[in-house]
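One chain, chain A, links the two complexes that follow: it is found with chain B in the first and with chain C in the second.
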Partner chain A sequence: MNARPSLVERINALGPWLLVLPATAVLAFILIIPVAGTLAESFSNPAGFFANYRDFFADSYNRTVMIRSFRIAFLSTLTSLILGFGGAYMIANASQGVKRVLLILSVFPLLTSVVVRSFSFMAILGRNGVVNTALMKLGIISEPMEMLFTQGAVIAGLAYLFTPLMILSLVGVLENIEDDLYLAAGSLGASPVAVFFQVTLPLAVPGMIVGSILVFTGSLATFVTPTLLGGEPQMTLATLLYQKAMISFDWGAANTIAAIMMGTAIFCVVVLGTIASRISARRAVH
Partner chain B sequence: MTGRRIHPLSKLFGWLVILFLAGPIVIVIGTSVSDTPFLAFPPQGFTLKWYANVFSHSGFLDTFIISMQVAVGGTLIALIAGLAAAYALTRYKMRIPGWYGSVFFLPFFIPEIVFGFSLLKTLIVQFQLPILPSLILGHAILCLPYMVRVIGASLSGFDFSIQEAAISLGMHPVKAFWTIVLPNIRSGVIAGMVLAFITSLNDMAVALFLTGPGISTLPIEVFTYVQQFFDPTVSAVSVLLMGVTILVMMLIERSLGLSKTVQ
Partner chain C sequence: MLHSTSLLRASAVAALLVVPAVSAQAQETFVVSNWGYSNDFYEPFIFEPFEKEHNVKVVTETGGAPERLNKARIRGGVDVILLTDKFSQIGINQGAFETIDDTKLSNFDELYDAAKNPQGDYGPAYTFGRYGIVYDKTRTDTPITSWCDLWREDFAGAIAMPAFNTTGGPLTVMMAGKCAGSDAFEDPDTAFAKMAELKPNIVKTFSSGSELTNLLSTGEAFIGLAQDYAFPAIQAANPNIGWAELSEGDFRMMNTYNIPKNAKHKELALAFIDFSISMQAQKDAAIELVSGSGPVNKTVELTPEQASQLVYGEKAVLSMQPTPYDKLLEVNDDWESRWNEVFGR
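Let's look at the complex of A and B:
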């Protein structure tokens, strides 16, 4: 009985691995190797291991762009967090039927093209846009304001892009807070405001962190929105990467920017993701 | 189930957020029918000439066809690879380590623009691959995580002992998969395909680096058009694109509903 495994048995043992092989191969050859290549090339400069990075940071323009990108990403994350929390809080506490409609309304933008969504903000913020028209009709301003190509426009566009993701990250967390907790807090004399800050908000922290990771890394890597709403004056790392790669053919700099973006994404996912799962795990123990 | 009571002010804020999310779409629809050469909202007059403009601009139609080819190709590759992977990951939980499943979510975490640039260097420059297959391969990667996740979720609710029973009664394993497993996870497969299709149809970051002057996708064409002419034609294209998305979403809703009545 305990003879060597037959050929059929050996193929059977390999079965699961044969099934994951195509997906693994596609992923390895089309994603992992090319991206790893970009990371490796960012360090392969004959002038030295960090030469590309030295050159990149030596240029004050690049430093300005990098700081601006992080500021824009941070502020759009903060905006999405506030808006997303507001939306998710209402959705999570709505009745079943309303909840469904509200979720579809807030998720639908996610399924439309980034170009369409950025373009819609050009229609809102432009010289003949909705905001200027309304303000002029109301007599608040006499001349249209220049709102496009400002940092505010980029932040508003990115917040619009990513608030649905924040809502999706928060709705589940807020829904799962048990009614008993609210009842208990209320019967112990906590005011609704105190309940919100001492029960709801702390329990939502893991969802807030996960949503923020998605929005921050997404904002940093989005190309279309800063191009259409920010233009040349609001150059970000993503638009600079495109310019270096496709217009000035400075692939050393493009590799470096790509590596910086990868590094930031990995940092956010690993460090913040660990914090979020630690918090959730500690909750589960208590 | 009725909802929980929340403070009227937080309810008001919530509605403002929903308005912020839905408003821009309403504005785009409004500007697409405005009888003005610039974007006007509320629309002044009513015209469908901007929609006619979309169809007379050959660039939109040509790139729409390419976008469709790429979306179909990318979705099919992702479906075949993803279905096999999702099946193995749920069916053979004991033999494939748990972390292996998360490898397939890597495309979610790598900034798309970094991925696009890396593809340009390897597929186009190094291997001299033509643009169309490069786009299809790139989009297959973007679609793969949706397939593994959505199909995996519907497989995790499937009772594999039914399939084992059929096999032990002499059915060929491939036939058992085809006639027993697949019909049971049909809704998951369709949902995965729809998500993949929409992802491919909306992709900018990968196409940005892979398309050239001769061959382009619809989002790239729209993006280029917006930068040159800022007129309601773009609104009309946007509305048509949203129409495609809604159509596709309704298709899943229907097929999901249908599969539920069949079960």
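Let's look at the complex of A and C:
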């Protein structure tokens, strides 16, 4: 027969829970409660439980903004993935000293304000900016191209903003691929291209998924870059949310947009996270 | 006995330590909600004299107009709030402000009529500003003399226009109606059809004065629809930019004082407003803040140089078009939807 645990033993057993209790309480207070409040507010309309959502989706302009936001977030994620993969691959395969320098250089933009980085893109893509000036001096174009205040400018700005996060997510994964795998693939006659597509790329999928979650949710939520590089014709959910909350004082619509953005972010994290963990589990079995 | 003497001494020391703290606490805190950029002026010219006269400590709460209005309305803790007339009208419509008894303002009679009760029995205006057109005079041979010039074909891709949800945005719609020969409030279809014709000329719709300055200084746009408070920065960035003399006149913009319903020091707030609209405070503001702070007190006398960038004098005040924010807020949702159809697709 087992003796009942003493009080000290019971407190010891609770130890880890007691240690996380203060942080959990603080998080609950500053994060969960306001988020829950926002969600609850999005459903509190005298016209009905889903009235705010019905009103939001009934407006074709809101639907346009939502589709545009997802498209911009998706394309900036894809751009970040392509650019970030190249950068991360280079960093992962560099010598220790060079690796450190390249990592610092790739993370350095994160230390600069989003506003400054967006304004710097205005200087690059503007009518008298670096790109137009170079193209005109080379005689490729005779008049400045309209690059600013387009969807392309917003995507480029977001990709520039979030590519460091993609690089950080991928470097660790690429570094952990065993050299033996490359050697084995090579000895079996695989070309470098085949090695990349059949070894490197599949093994990097978990890092790509984590990076994509960070970039997609970040691109969806960011406010400054679409405002400065896109303006009204490139209105996104984040800018529409700001407009509804801070200028039109339409809190019902603002809460609804916030809830939609939150739902999308959670959906991405859950679905892509599940895919990543299944891939990891399958790899562990094999 | 020794014990009681020690106790007495300890009590005396404690009392000495506590008394300054108590008296410091006795000084009331008076909260003014204001934009951040003008506090450098307010500190020596308004806050300090007011603090001395009323034995209070002035504390400022800064930020953009909508967020400050939201905070004052929902959270409270603000005694006086400074807003543009668009946002003070929103606050009035939300029932956020006290009415003001102007008989308690000794300087009230010195105000121009337009500044006395611009929005009913609520706060008086404390500055006049203007909303008009600025442009780089070296980039066009034909000067801009009318709002309707914005639709000129030679201005394709040249104009920076305020977004709808700014103070100036809806005023452009009013002018579009006028240029189309109708009234935008009665016939919004015609006004927005005219706005759609303006679209090819718009390079960007902006949300802040600094964004406009950036667009004009980098040459992205050479025409801007601007409020005069932004003009010095614009001209510093590009000296070729000047203010257009428009046949229809600029729009009159006003900033107002209001007392939130949940303010703690309402009588003191009246005293603060009274002090701020006095001749001396108004003159100091006109001279120190330079642009966007045309005096509302008609007894203020300025030299031509001091008045050069200001809305100053009865003639200037009367020549401007009024901004009917009560009417504009009534049609806000409809116009916003129409605007998004034109510029947001």
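Note that in this section the second predicted complex is superposed on the first by the 264 of 286 C-alpha atoms of A that agree within 3 Å, B and C clash if a C-alpha of one lies under 4 Å from a C-alpha of the other, contacts with A are read in each partner's own complex, and residues count from 1 in each chain.
Everything below uses one rule, namely that contacts are C-beta pairs under 8 Å (C-beta built on N, C-alpha and C of every residue); 3 or more make two chains touch, one makes a residue touch a chain.
Please read all numbers here as calculations on a predicted model, not as lab measurements.
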Room on chain A for both chain B and chain C (clash or fit): clash
First (chain B), second (chain C), both or neither touched by A:Met122: both
Which of chain B and chain C A:Met246 touches, first, second, both or neither: both
First, second, both or neither for A:Thr24, with chain B first and chain C second: first
Contacts of A:Thr64 with chain B and chain C, given as first, second, both or neither: second
Contacts of A:Thr163 with chain B and chain C, given as first, second, both or neither: first
Between chain B and chain C, more extensive residue contact with chain A: B
First (chain B), second (chain C), both or neither touched by A:Gly186: neither
First, second, both or neither for A:Leu148, with chain B first and chain C second: second
Chain B versus chain C as contact partner of A:Met235, first or second or both or neither: second
Chain B/chain C common contact set on chain A: 119, 122-123, 126, 128-129, 227-228, 246
Touching residues (chain side chain A, partner chain C) in the complex: 59, 61, 64-65, 119, 122-123, 126-129, 146, 148-149, 227-228, 231-233, 235, 243, 246-249
Of all residues in chain C, those that touch chain A in their complex: 64, 66-67, 70, 90, 94, 157, 163-166, 203-207, 211, 214, 218-220, 332-333, 336-337, 340-341, 343-345
Residues of chain A defined as touching chain B within the complex: 13, 15-17, 19-20, 22-24, 26-27, 30-35, 37-38, 41, 83-84, 86-87, 89-91, 93-96, 98-99, 102, 105-106, 108-109, 111-117, 119-124, 126, 128-130, 133, 160, 163-164, 167, 179, 182, 192, 196, 217, 220-221, 223-224, 227-228, 238, 241-242, 245-246, 251, 254, 258, 261-262, 265-266, 269
Of all residues in chain B, those that touch chain A in their complex: 1-7, 10-11, 13-18, 20-22, 24-25, 27-28, 31, 38-41, 77, 80-82, 84-85, 87-89, 91-92, 95-96, 100, 103-104, 106-107, 109-115, 117-123, 137-138, 140-141, 144, 148, 198, 201-202, 204-205, 208-209, 219, 222-223, 226-227, 230, 234-235, 238, 241-242, 245, 249
